[in-house]
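Listed next: structures, encoded as structure tokens.
Two complexes, one shared chain (chain A), two partners (chain B, chain C).
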Partner chain A sequence: MRTLFRFHGGVHPPEHKLESSGLPSARAPLPGLLVLPLQQHIGAKPKTLVQAGDRVLKGQLLARAEGNLSAGIHAPTSGTVLSVGTRAVPHPSGMEDLCITIAPDGEDQWAQHAPFDYLAMPKEELLTRLRDGGIVGLGGATFPTHVKFAAAPVHTLVLNGAECEPWITTDDRLMRERAAEIVQGIEILRHLVNPAETVIGIEDNKPEAIAAMREACANTGIEVAVVPTLYPTGGEKQLVKILTGKEVPSGGRPFNIGVTCGNVATAYAVHRLVHHGEPMISRMVTVTGAVKTPQNFEVLLGTPISELVQLAGGALPGADGYILGGPMMGLHVGDDRLPIVKGTNCVIVKSPQLFPPQPPALPCIRCTRCAQACPADLQPQELYWFAKARDFGRAQEYNLFDCIECGACAYVCPSHIPLVQYYRYAKGEIWAREKEKNAADAARVRHEFRLERMERDKREKAEKLAQKEKAALAQSAQAAADPAPGGGAAQAPAATSEIIAAAAERARQHAAHAQPKNTGNLTPEQQAEIADIEARRAHIREIAHKPTESRPTESRPTESRKE
Partner chain B sequence: MLAALYVMAGIAIALGAMLGFFAIKFRVEGNPLVDKIDAVLPQTQCGQCGYPGCKPYATAIANGEADINRCPPGGEDGIRKLAELLGVEFKPFGEGTAQPKPKAVAFIDENICIGCTLCTQACPVDAISGAAKQMHTIIEPLCTGCELCVAPCPVDCISMEPLPQTIQGWKWQYPVFTLKQAA
Partner chain C sequence: MLSSPFISKPDSVSRIMLTVLLALVPGIAIYTWYYGPAILVSIALASVTALATEAAMLKLRNRPVTPFLSDYSALLTAWLLAISIPSLAPWWMVVVGTAFAIAVAKHLYGGLGSNPFNPAMVGYAVLIISFPSNMTHWLTPIGVGANTLSFADQLSYIFGGHLPNSLTLDAVTTATPLDTLKTQLHLDRPVADIFSMPIYGHIAGKGSELVALGFLIGGAWLMFKRIITWHIPAAFFGMLFATSGIFYLIDPTHYVSPLFHITAGAAVLGAFFILTDPVTGPTTPRGKLIFAAGAGFLTYMIRVFGGFPDGMAFATLLMNICVPLIDAYTQPAVFGHKETGKQEGGGK
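So, the complex of A and B:
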């Protein structure tokens, strides 16, 4: 039996898990349209490989990972690419971003795919395949998995099955229904980081999932640890603290203390990729809240929210919006055409009965209940004052960037102050200022280098000139010293003029022989284009030569007006 | 009595020698205030302040020759930072002088460019690529939006394009609450 530890703070919001955890998960049918945002993970936007009109097969790579901190995007089903362009994406700004839109053809025809033997390949290749397979952390943060599991050495591998946010039951259902597959995925992750111990942390409000995982983990050396239900136990740093007693240092990651943490759903996705050759094209999503029959669905990425809500029996009267994710940290949106992305674990249909509007914020009364609730051991009230006063330096001194934005402080605040919003504002401002500062520093370096280069050019030119003058002086001195001045002085200029004439001749010959390399074998269209450009150039030259004539005609009217 | 005098004089001479030595050894080159001011300026090198670059403007401020409200790219935020650094009052942008504009980058219409290289010579941060009689292009991430390349172009093919608001550049706004009027 493992000794469990406590993290500071935490809150107990109403769980609302039973609504959706009772029914077995179902596979959502093919939607009418799939919208795949390119930015579905933390890191660089992948590079598009398809264009409008292309026919794509299920599992085909649509966008290639760009750089290391990135992940691929794949076609969730076979069909035709309708467009590659900007569309509304699930983002707090409500702005549009680059998306690939696919019209499914209904055949669901797979591209070529095959399982592979991960034990027979070097770890680097397995990591590359995870990246190209589009595997990212499915707990909500969508950090590319291959980056997380490239870290070594690691003594503890923590699998996160806590699922502490209210309403969400995807991991619960996944662990109940697909425990064996999750364990197979965990084995692959264990192979990658080779930990001394592997622990799955599950909150004690999921007895069925715990039983299923215990059964699947028998004789594998993987331990299932039951942790008390408390929000935010599922936070990476909090779960690591509970299971190992070690605290992730300020500004650090679990890797800094020899721990790596991954979600159970991520392990399942890794299993699908390795043992079935299937990239990340679908995920489990809880549809709950003000709907007729809350349930979990295996959903193709890119499916619009509206189709999921219909699957769950439709929204109840009075529904007025959606939360993507849980009520504590989720994203509030109003548009039901937004697609499900890799990080969407839950769709909650909002209604005023379930989520009454927040009463207006009152002044802070300095009760410090937020500090008691903060799981990151921060002083939320101080951070709030600094963020409100735009004193970002002080906010950083009070470790603003260790805030995990869990919302526990705002949940307990008796004045209903939207504290997290202030912290996000402060973080955004600090990042923007840092970016500006870096850009200014880079510009300064480039400007100084340019000044130095110009100075150097000037110096070199002067040196060359001085040398030439010196050489000429020496020559004339020599000529003067020559015992036969009549012949010598006349000879030298003759020699120079000969050299110049020879050089000019060489250049002429070179020009006659040289052929521009890109003007041969032109198609008539290209020739027409060239002629067109030449005509434009001629026209511009004409304009450029004319200004002396045109300017007076322009200025004349003003002169006459003055008169 | 005499011994005490000798001791005091000895200490004074020793300390004086030390002070003199360290004054030479740890001499500060240049004016550190200029570098501090230069670090606050936005480094567009645009010359809108009337000086040929950010460093000359910083030097002029340090010498008390220039006002702190001459840098439009720095915005009012920049003036505030300068005021704080120098311990003087905040001063808004003067009327009739250059005013701050939304951030923009230069754009070369490649169909019109004749490859005269005048803009590359004008660019203070080497953000234009091109050679004689070849098409020129702005390297957008390096462009500071100083507009110095616009005037020299003989065919007017350079325009300033305001930077669009993108989802990557978006940031959370300061929380604002609308007050409902009590009935």
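So, the complex of A and C:
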């Protein structure tokens, strides 16, 4: 028996798992339209390989991973590319992003694909295949799996089957129904990181999944650890703490303490890729909440929410929106045309009965229920004060960035203060300021470098000029000396050295004059140069003030989500 | 709400305050039994004053009245103040103290959640400084004095300042056991002798020790309901016990047993209901220990060496001042910043 450890805090929200965990999962039929956002993972947006009008086959690569921290996107079925362009994507801001839209042809015709022998290839190639196969963490964070599993060897491989968020039952159903396949996937991950021990953490509210995984893990050396049900046990750092007693250092990754953590659904996806040659084109999704028959479905990526809600018997009267993910960390969307993406593990149809609106927020009474619930040992009430007062420096001092936005604080707050929103706001402001500062710093460095280079150019030019003059003088001196062949040969070197000294003096004076001492009497050349400098300065200023493009790897909130 | 989390625990500030009010009931009931229903009149007076002042201040500050009035925080302040002062205090004293507590100590500092000082204790401090003699008119518990005031007599004194012709104020009131102890010790009476006086019970004052038991029961219930944590009562009683114990060990004829100190006066009420006020107390667990220990030490010092009969209120206010400092220096280690987080790297 493994000794389990505790993380600080945690909450027990009503589980609401039984609604959807009872029915076996079903395969969702082909939808009428598939919308595939290119950005379905943390990292760089993959590069589109198709254009409107192309016929694509199931499993065909539509967008190639761009750089290492990226992942491929594949056609979930055969059909025709309708468009490659911006459309609304599941995002808190309701923003639009590049999507590939496919009209399925109904034939579901596979592209050429085949299983491969991962033991026969170097690990680098296996990792590349994971990337090109579009495998990313399916617990919600969608961090590219090949990057996570490139760090090897580790002491402990942790598989996350905790599924601590209320309502969600995808991992539960997957473990009950496909335990053997998950274990085959885990074997591949073990091959990659070569751990001394492998342990699957499952919350004790999933006895069937525990039994199924125990059976599948028999004689594999993989341990199934039953952990107490406590939100957010499924948080990567929390689960690692429970199972190993070690804390992932602030700002670090589990690898820093010799651990790698992956979701059981990710292991299943790895198995499908390696043993069936199937890239990441579908996933298990719980459809629950205010629907007639909540259930899990194996869903093609890109399927609109509306089709899933229909499959679950339709929304009940009074439904007023959707939560993608769980009620603690999920994302609220109102548009049912939005697609299921790699990170969507659950669709909860909202209704005021199930999710009553919050009463108006009262002032904080410093009761510290939030601090007692915080799994990161933070003092949420202090962070709230600092965020509210826009005292971002103090917020950072009080470790705002160790907040995983699990929502436990806001859940217990008797004053109903939307605490997590304050933290997101503070983090956003700090990122924006840092970005601005970095841009300004970069501009300043560029500017200083340019000034220095101009100085150097002028100096060099002046020296060259001096050299030329010196040479000319020496020549004329030579010429002057030549007509007087009667002069003693011994005189010549002395005269030459005088001439050289005079030339050097002139050159020095010239060089001094060449420094821009005033702006009057400028040659057209100089004026052109100044205009050029001014233009560059203006450009730099513009860059410094313009909010720059998003920085891909620094989006911390996502990093800490369950994987 | 369009941002996660979308659920919240069915809990509220009102429920917390209501629970604390309920937890006061056993103590108040025993109080009423021993001292008559005058305390209920004070509580009612204070409650009405508190709600009216709260509403007026909210109006003046352009804040919504209903949500704040229904949070019961003003009511709690009123009850605590009414319990802290002599129940025979004239009506205007209750009104002045409560109104000051709500208007000045609470709302002038920003209202609920923003006041640095415990409003009830500020109200108490104002009254004991302004009307010191009235603040010594504690009713004699039943079975101690020869005369007992009827409810009508009590009402008549509170609202009219008249006692029945046959009685004087001295005949029906008495100094508190703490106060008596201090005065008698000044007269060089030995402790054992003093404790033979009829106002003393088994451990502390007759009647008042049972009232303290009532508040202890209420406090235990608050801990069970997780409204308060163990830190503040434990550190307060621990420090009060330790400090008084040291003096008692050195000179038991002039210093009383620590058991007396933790039972007498407002110690139990303070430990469970006053120091535990979240708004004016520290937020970190270590901070709570330091805060309450400081209050325990100061309470003893004021009781024994100070000019006031009890030290609870001033100890609370003095420690309230220290709260920001205590909080700043007792921040707990954050996840991943602890030593365990810096263990061996994994094959880096």
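Here, the second predicted complex is superposed on the first by the 483 of 563 C-alpha atoms of A that agree within 3 Å, B and C clash if a C-alpha of one lies under 4 Å from a C-alpha of the other, contacts with A are read in each partner's own complex, and residues count from 1 in each chain.
The rule is simple: a residue touches a chain if its C-beta (ideal position, glycine included) is under 8 Å from a C-beta of that chain, and two chains touch if they have at least 3 such contacts.
This one's a predicted model, so the numbers in the text were calculated from it and none came from an experiment.
Visitor: Touching A:P92 in the superposition: chain B (first), chain C (second), both, neither?
Guide: A:P92: touches chain B and chain C.
Visitor: Name the contact category of A:M1: first (chain B only), second (chain C only), both, or neither.
Guide: Once the two structures are laid over each other on A, A:M1 reaches no partner at all.
Visitor: Determine, under the contact definition given at the top, whether A:G245 touches first (chain B), second (chain C), both, or neither.
Guide: In the superposition, A:G245 touches chain C alone.
Visitor: Figure out whether A:D441 sits in contact with chain B (first) or chain C (second), or with both, or with neither.
Guide: first
Visitor: In the overlay, answer first, second, both or neither for which of chain B and chain C A:G330 touches.
Guide: In the superposition, A:G330 contacts chain C only.
Visitor: For the overlaid complexes, name the partner, chain B or chain C, with more touching residues on chain A.
Guide: C
Visitor: With the two structures laid over each other on chain A, which partner does A:L119 touch: chain B (first), chain C (second), both, or neither?
Guide: neither
Visitor: Going by the contact rule set out at the top, does A:H155 touch chain B (first), chain C (second), both, or neither?
Guide: Touch partner of A:H155: chain C, not chain B.
Visitor: After the superposition on A, what does A:P418 contact: first (chain B), second (chain C), both or neither?
Guide: both
Visitor: So which bits of chain A does chain B touch that chain C touches too?
Guide: 92, 360, 418, 421, 424
Visitor: Show which residues of chain C lie in contact with chain A when the two form their complex.
Guide: Those residues of chain C that touch chain A are 1-9, 11-13, 15-16, 67-68, 71, 73, 111-114, 278-279, 281, 283-284, 327, 331-338, 340-348.
Visitor: Residue numbers of chain B touching chain A in their complex, please.
Guide: Residues 38, 41-45, 53-54, 111-112, 114, 124-127, 142, 144, 154-155, 165-167, 170-175, 177, 179-180 of chain B touch chain A in their complex.
Visitor: In their complex, what parts of chain A are in touch with chain B?
Guide: 39, 89, 91-93, 95-97, 360-361, 390, 418, 421-422, 424-425, 427-429, 431-432, 436, 439-444, 446-447, 449-450, 536-537, 540, 543-544
Visitor: Help me check something: in the complex, which residues belonging to chain A touch chain C?
Guide: 7-8, 11, 13-14, 92, 151-155, 166, 237, 241, 245-252, 255-259, 323, 325, 327-332, 350, 355, 357-360, 362-369, 371, 375-379, 381-382, 398-399, 402, 405, 407, 410-416, 418, 420-421, 424
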